[in-house]
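Labels for the chains are A, B and C, by order of writing; each one numbers its residues from 1.
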Amino acid sequence: MPIEVIMPKVDMDMASGKVMTWHVAEGEAVTKGEPLFDIETDKAAMEVEASESGILHHLTPEGTEVLIGAPVAWLYADGEEVGEPPSRPSVSSSADGDPSRVSDVTEKPSEDTAAPERVEPLSSEEKTRATPLARAMARANGLEIDAISGTGPQGRIQAEDVRCFLDQSATISAPVAFKSETGALSITRSKGGTGTPVVLIHGFASDATSWAPLETHLRHRPLIRIDLPGHGKSPKLKLNGFAELAKIVRRTFDELSLDEAHLVGHSLGGALCLALADTRPRSIKSVTLISPAGLGPDVNGEVLGGIGRATRAESLGPWLRQMVKDDTLITDAYVRLAMAPRTDANMRAAQQALADSLFPDGVQAFDLRAALGRLEMPARLIWGKADKIIPWRHALGAPGNIALHLFEGVGHIPHFEAPEEVGKILKASL
Amino acid sequence: MNMQAKPTLRELSYAEAIREAMDIALSQDERVILMGEDIGVYGGAFQVTGDLVEKYGTDRVMDTPISELGGAGIAVGAALTGLRPIFEFQFSDFAALAMEQIVNQAAKVRYMLGGAVSVPLVMRFPAGSGTGAAAQHSQSLEAWLGHVPGLKVVQPSTPEDAKGLLLAALEDPDPVMIFEHKILYKMKGPVPEGYYTTPIGKAAIRRTGKDVSIIATSIMAQKAMTAAETLAGEGIDAEVIDLRTVRPMDRETVLASVRKTGRLLCVYEGVKTLGVGAEISAMVAESDAFDFLDAPIIRLGGAESPIPYNPELEKAVVPQVPDILDAARGLLKGRI
Amino acid sequence: MPDTFKDGNVPYAVRAYSPEVLLAALKKMMLIRKFEEGAEDSYTRGLIHGTMHLSIGQEASAVGSCMSLTDEDKITSTHRGHGHCVAKGADLGKMFAEFFGKETGYCKGRGGSMHIADPAKGNLGANGIVGGGLPIAVGAALSAKRLGTGAVTVCFFGDGANNEGAFHEALNMAAVWKLPVVFVCENNKYGMSTSTERSTAVKNIADRSASYSMPGVTVDGNDFSAVAEAVDAAVERARSGEGPSLVENVTYRWRGHSKSDRNRYRTKEEIAEWMERDPIATMAAMLIDHKIIDQDGVAALEAETTQIIKDAITFASGSPDPDVSEATRDVYTQEAAA
């Protein structure tokens, strides 16, 4: 009997993984413990070793997305007859809810509209999602609908978006060219955790996986990570400035339909958390801003630009090392991992365009100091005093009701450089 | 005709308004007769005919045997040959027993005969849920008959329209099916005195608004009005249109409203699938009003289920005010 | 054959009707036969689309049942209704035109074979639904009673319809309200392929009249005089306010149920036996016997009716087709609607 090689579950909220590279070819022998294939999840890439020895057959083609637990190949004993691939037991993904649930059975709008968080971003073959009115307005104004970013459910372009575009295109110079997409921002959730969920928003040129060092400390709460437009698995939206970005984040947050939430944001994500807390004060229970943007004009545009432009690990590494105080933390392996998603030139272009509109000429084009003053829920600032990207002294403008946690010898990413300390602060308060 | 009498402050119940319309018709036109089961001394299953038999006698207020098919067919034959019958079903559900005569005969005779005859027939169907009468006595079957060319189908939601539409139906040379909601029979409202008609094929804008068009039928028009008041307090300005006639549908009024608001919410008690809301939605989607939609269309209709007995279940399978509120909020807040 | 005839007594029809009326009746029977033969021929030539239900062999029932009716009196008919239509005085050209789907047809090409009607002559129409006309006939009778017109309605239906629920409901209400209606069952022994023996619990359909406290009689439906005698009595009873009756004309259709019938349920011998009892030949023999017409007269009548049919077909085939843009006309009386 051949032995199945399965897609392993290597991450707590992993539902599927992609077969990237086979290290052993069809029909070749492999010994238990040898590297067999590489997989990629929404978090990281990793190597899978052979769990048994045998002759490898029926390989799943590279690039194929496979549900965890499903076979990706089969190992045969030496001399064992190789026929058709053994029938694969069906693997069902864990159900989100009980379909037989009956609480209120009036025919409501269909499920796909009632549960927007389950909807995947549009695949590239599909047309841009826009309402008929938005299309008609775009036509009337000679606009390509694709040029407009949608802030509606699933990234739908609505009339308001066209109006917004028309207003802003009058004042803002053309952004860096990139092929824009539409769709909803990517949301990833932890399994488990109880009580008020924690919504995490990453910084510029980062993505949802950047929270990994902090997550062991927050495991008691449901974690909801948002990928910003042009980052991680989110679509590359055409954006015009911070207000529009904040609106998309707010829409994404609204679609989560949370009664209450804690917000944790880093850098640009911190600024977005602040904007969100300012507009959704009733549902936000606390705000934690880690090296946030928006509290002063200064920002290291050179580093942001360098990260945005880097096309290879070699050119990315030096800029990444600027982010931290202890640059030995940024190993070559780390840089390669960080570069992996950045090989997409279109994503880099999207991020550059975003940087251009948010930090033109190395200046923060948005100012949230007033919003900080309006916060009424518990709020704290966490900053490294060795931050070379945004000066920690911006924290000193915060009003007295906001807690300050300043770390010596820590750069722009405290939760990466000092995860234990930052984790303890959060665990104690969330 | 379509003349609207001067409004007065006099209030009648929906059932009283229908009875008054029949009383006027019986007194004005010798050709008018009432037919139905237990509409004589009993006064009708829902006491709509009441004491009309005392005034007009059993020759004109005719109790039929429990024979829906035969009774309906006799009404068709009588309408073909000079009478103006008003045929009452005890429950709209019993239309199923008479579908042959309604659908194959009444609706088609004129066309089959190349326009040589008309069938000026009025049928009244007490419809809808909310009485605990369960699956065989609670249906809203207007879409069944609305599907048949040759019939006209109306659903009054107010006492004034109940009277006006019945008198309009009697003036109409073609068969008119009136679906009356049982829960509305006791509802009171202003009803003009004397003779007037409410136009068939014309919707009523019950409330003007700019944010969302709620197109509702029968009792749902009342629920939509209740919801609209709550929505107004939240800054959502809903337009409520009482469709009143399912066939022929008032295309102009619906499309004009959607062009204005860009959002369409259909609310009806009949089963959602293949129902009145599907027709409204398709009508909008096929028209130039499509270009004015700024959100997907929503239909709130009855569940894919017979009407259950238990009162909580019974409520759960038809749209209620909170459902309308949720749907309207969702449309406005871009959640849908 | 009724005993009166065998015994050499003068049959009812000869006693009751003038020679002119009897010759007109014979002519109508011939027209029915030739109309249907012409329709069949046209069908064979591909001039008619759709099917048809021929009543060849049943002509005495149709004509005999309408003898005492005026244009004020109504009939409701069946899918096998050409005979009733001719008996009630329809124009053959307009009937053929309807058959050919022409704008000049009785229904302007919208109804076809199964819906030919002639409201001006009191024919409320054939009906594609078995039993569909039963309650409608009762409704027409209700109108007559309410409006005091004195009109009687003759309701034709087949043996098949006697097992429909509408039969029960209609006869019951007609009896309860004592309405001026005569139910004429043309029992041609088969509802499509199913014989009355296999479908109907009573031996004679007229026996069912007992359930509705109305008179019921079964007669030889191929004997013109017997049919006329029974139906005339029932019409007289209805007209005088005594209520409905049920008359069962036992007859036979020579052709199949419709053009798709392969005749697998009856024998050639049975068909041949019934064709021996041709109602038209029997009628002609009776009239010759009583010196109302002679052989030459019959031949002349044959030639005259053949020419009428020929002219009718010429009129119909030369008539204009309906305008396709008017396909939905006449759905409603008020065209603004829907």
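Throughout what follows, a residue touches a chain if its C-beta (ideal position, glycine included) is under 8 Å from a C-beta of that chain, and two chains touch if they have at least 3 such contacts.
Not measured: the values here are computed from a predicted model.
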item	value
Arrangement of touching chains [line / ring / star / complete / other]	line
Identity of the most central chain, Cα criterion	B
Interface ranked first by C-beta contact pairs	B-C
Rounded Å distance between chain A and chain C, as computed from the means of their C-alpha atoms	82
Chain centre separation in whole Å, for chain C relative to chain B (CA means)	41
Separation of chain A from chain B, taking each centre as the mean of its C-alpha atoms, in whole Å	53
Residues of chain B touching at least two other chains	none
Residues of chain A whose C-beta touches two or more other chains	none
Contacting residues of chain A [partner chain B, same complex]	103-109, 113-114, 116, 131-136, 151-153, 156, 158-159, 251, 254-255, 257
Residue ranges of chain C touching chain B (in the complex, touch as defined)	74, 76, 105-111, 115, 117, 119, 124-125, 127-129, 132, 134-144, 146-147, 149, 165-166, 168-170, 172-173, 176-177, 328-334, 337-338
Chain A-facing residues of chain B, complex	262, 271-273, 290-296, 298-305, 316-320, 323, 326-327, 330, 333-336
For the chain B and chain C complex, residues of the former touching the latter	31, 33, 59, 62, 64-65, 67, 69-83, 85, 100-101, 104-105, 109-118, 149-150, 152, 172-174, 200-201, 247-248
